[in-house]
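You will see two complexes here that share chain A, one where it goes with chain B and one where it goes with chain C.
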Partner chain A sequence: MIEFRLPSLGADMDEGKLLEWRVRPGDTVTKGQVVCVVDTAKAAIDVECWHDGVVQRLLIEPGTTIPVGTPMAILREAGAPEKQIERSIAPSPAAKPEAPPAPIAAPVAAPIAAAPSPAPRGARRRISPVARRRAAELGIDPDDVPAGSDGTVTLDDVERAAQGRPSHATAKAAAPVVPPATTMAERAALMRRVIGAAMARSKREIPHYYLAEEVLLAAATAWLAEQNAARGVSDRLLLAPLLLKAVAVALRRYPEFNGYYRDDAFSPSGSIHIGVAISLRAGGLVTPALLDVDRKDVEQLNRELLDLIRRTRAGSLKSMELSAGTITVTSLGEQGVGTVYGVIYPPQVALVGFGRATERPWAVDGGLRVAPVITATLAADHRVSDGHRGGLFLAALRDLLQNPRELTTSGS
Partner chain B sequence: MSAIPTTKTTYREALREAHREALARDARVFLMGEDVGRYGGAYAVSKGLLEDFGEQRIRDTPLSELAFVGAGIGAALGGMRPIVEVMTVNFSLLALDQIVNTAATLRHMSGGQFSVPIVIRMATGAGRQLAAQHSHSLEVWYAHVPGIRVLAPATIEDARGMLWPALQDPDPVVIFEHAQLYNLEGELADPPPTVDVERAAIRRAGRDATIVTYGGSLPRAMAAADELARAGIDVEVIDLRVLRPLDGETIAASVRKTHRLVVVDEGWRTCSLAAEIMAGVAETAFYELDAPPARVCTEEVPIPYAKHMEEAALPMPPKIVAAVRQACGKG
Partner chain C sequence: MNRDELRSAIVAALTEIAPEIDPGALDPAKLLREQVDLDSADWLNFLVALHARLGVDIPDADVARLTTLDKLVDYCSARL
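This part shows the complex of A and B:
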């Protein structure tokens, strides 16, 4: 038996609201499959399950807000005996008819007044010991038995269910399940609170230091122009994936900027997953991760980045992506300012910022020329690294970007 | 089938007859305590016995519980079968050392060489406006102690029948007589039936909920059961009779039938007999329960003097009815 619990989808997440199940009892689930959609304060996230198995029972109703770690479903391990599962999923004549699946709501939906009052969050149903035992004897799933008027499933309720007689509570239970709803303003306020909590924690706990370095982009932009000359508009390579790739390769040499600081100790990460700060149109910020950036070529990163941005704005991220970042990169892009000093996203230990790439006067070989330049910054955790190493890291990043061709082929 | 002949009697008279029988059957038996002789006993249980059995066997004692309970223990060690009457359980605290440290322990401390076959009777309970120093229900203090047997006759039959088997016990027996029961009237079979001092008794069979109670709370529980029956709730009432050792089997068997438990105990709820019974049911019959076990106890105050306040403090039938309805999901 496997308990599927609500995972933490980021260091700033304490709870989540189940929006929708993507599986039903009896479904076979493979490792990595999306099984439900959970609304964190930031987005509606597709949550994967990391076990192979068969869904035995769903414990949480859509619309319920539950703390991280709450069991959400019971899975039978692949290969475990069938009998147990058959009994609880077989449409026993006693079981109440399955309610039709709730329509899938967009994360931002009907006004709050339409929200049902779901079961108390994380609540275990009140089933008396003898009712539970009798249900087991009858082969009834006690969670399918409608409770009496005080919300407790008693022996009588089980016996009634076994005989197919309606419980006094059935009439009420037949009310349609209304999808959860949150107003736009509420969502924005909630997200602001969550961001505020994470950033306050960062500034409270992390002794930041900041470094900046101007990086000549002449070679990089030339290489991009060359690449894009042969491409259609839709698959043009962007600067961002190239920058991300350079950060990842530099991190391989300077692992003290990649990982987590937890329990008074730094643990470097073996993988390089870069959280990319993506602003939402409605306001707010999400930092889903591009995975294994050091091992992918720029073209693939370009594709994945565009997909990530699209899915972030559509509200369909995967849970893994939200929590996986081992470092964050923020780029204020073409509409932004020259320099950005970031706030580290705990428990990460560094944040790399890129300002706007602009044409600037640049001294070359004793003369001046105009060239595209970008300011790269590093905000890093002084508990883990010092400015000297930070400087070397930024210098490595700078040098890597002078040789884009090599960078693009330095995948695994 | 011929009807068994019965006699109309009271709880008090039944106790007196039990003494008379014991005194007549066994020459080693004698009664002592404050005012048991000339005055006839604080609750008139021994009225007339002095005249019939004489000063050697019906002995008035000085006002020292420690001294006369200690003397009783000595007599028991010396081969007698003393019945020691203590006016109320409140006063018995003065003899607690004798009962708990001496009577209950000697068999064990002497490696089985000595036993203390003493019977200590005392009144207990409230309801007669005798205020806090005469009204408490401290039975659980004794029920806690290994080495003694604790009885609580709640019916005329038990009042008549428990004394003799208690005297046959080679170890100390404490008998609690609820002060409100002495005037209880009823019919008693003639000859009176023998009773055991081992098992609880089902005083009323029912299927919806089990009330476990004892002593002075039994009539209240029965009254509550009658009222609940009129509301369609069929209650089983168990009279513990023996407070130590507890008859857990009878309780568990009833809970297996009704799936609901309400304990009515005139003691205070904290560390009460009710708590012990609920714990026992939770241990042995957890999977039989259809509702949380409940208890109706005395409010946690020294028993008040004023009548309305005294009644408000006690587990009276309306509270019992409410607790049972709640347990049955019909609160």
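This part shows the complex of A and C:
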């Protein structure tokens, strides 16, 4: 028997509210499958299960807020005698012959399996966090809202559905699927509070030091322009994946910036998972991770980064992505300022920042030319490293970015 | 596809990338990326969504001047 618990959602999240189950008792679960959606102060998160098995019982009711580590479901080991093949091919949400689950959290409530679910399971629809909140405010089940052509339910879709069905709120009120909503303002305040708590802890516990280096980007931007001239929009490359790749390759040489500081000791990480700081338009910040950045080529990193940002906006991040980062990179992009000094995301020990790339005067061979330059910064933990090593790391990063061609193919 | 339909398609591609925006509040003559706060990755995702909807693949060399909704509508209508 396997206990499925609410996994870590990153250092600044210690609880989550179950929004919905994506499995029912009797369903076969494979490693990595999304089994439920949990709302946090920052976003709705798809939570994966890292065991193979068959769902035996769901222990938590949607709408319940639980701390990280709480048992949420009981699974039977995979390889149990009963085969579930037909169910996985043709899901029939309405009828389930299995014994009903016994919810222990709220015995008065109806069994979870009895809750009607109009949308077929398995067909994953993305619902943006704002759309989900608005739907809850209006008393609409987001599963009833017709999605756009790409399967995403937006705020617009919810408003349209609300206008079309004015009586819906009262109809659903008897059996609410979505828990009572908090307002946008409360939500923003809550997110600010959790970010504040994590950053206060960082500044209290981590003796930061900061370094900066100007990095010539002439070769990198020339390489990108050359590549992109012939590419369609779907294959076009951004600067960011090149920067991330350079950070990862440099980290291989300087492992003291990649890993976790816990229980008075630093454990370097064998993998290089880079948390990418993405600011949310409604305010706040998330840092989902790109995995194994050192082992992927720039093309793949480009695809994965675009996908990560798209999913962050659409509200379909996975729990693992929020807790996997071994270092964080923040990049202000072309609308920000020239330099950013970051606050380390505990228990990580370093943060690399990139400001806005700008044309600046640059001395070359005794003369002056105008060239694209970016300021790379490092905020690092003095309990683990010193400025000397930090300087060598930034210099390695600078040098790697002078040979983009080599960088794009290295290390895979 | 007339200009209004084209505009709706472009706005729909935009709301895929930025679901929280209010399409009614967009000023078609003002800089789009400042109104919607799109970073370079959002912008590229938007171009990909536009390509999927309209079949218009905008070359990198043209992207920089397509700064407003009006300019995007003009550009796409000339290529449909």
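Following the convention adopted for this analysis, the second predicted complex is superposed on the first by the 309 of 412 C-alpha atoms of A that agree within 3 Å, B and C clash if a C-alpha of one lies under 4 Å from a C-alpha of the other, contacts with A are read in each partner's own complex, and residues count from 1 in each chain.
Here, contacts are C-beta pairs under 8 Å (C-beta built on N, C-alpha and C of every residue); 3 or more make two chains touch, one makes a residue touch a chain.
If you're wondering where the values come from, they're calculated on a predicted model, not measured in any experiment.
**Student:** Looking at A:200, would you say it contacts chain B, chain C, both, or neither? Reply first, second, both or neither.
**Tutor:** neither
**Student:** Which partner, once the models are overlaid, touches more of chain A's residues, chain C or chain B?
**Tutor:** Counted on chain A, the partner with more touching residues turns out to be C.
**Student:** Mind sorting out which residues of chain A both chain B and chain C touch, each in its own complex?
**Tutor:** In chain A, residues 128, 130-131, 148-150, 152, 154-156 are touched by chain B and also by chain C.
**Student:** Can you check the complex and tell me which residues of chain B touch chain A?
**Tutor:** 259, 286-291, 329
**Student:** Any idea which chain C residues touch chain A in the complex?
**Tutor:** 12, 15-21, 23, 33-34, 36-37, 39-42, 44-45, 47-53, 57-61
**Student:** State the interface residues of chain A toward chain B in the complex, per the touch definition above.
**Tutor:** Listed in rising order, the residues of chain A that touch chain B are 128-133, 148-150, 152, 154-156.
**Student:** Flag every residue of chain A that touches chain C in the complex, lowest number first.
**Tutor:** Chain A residues touching chain C: 128, 130-131, 148-150, 152, 154-156, 225, 228-229, 231-234, 236, 238-240, 281-282, 305-306, 309-310, 313-315, 333-335.
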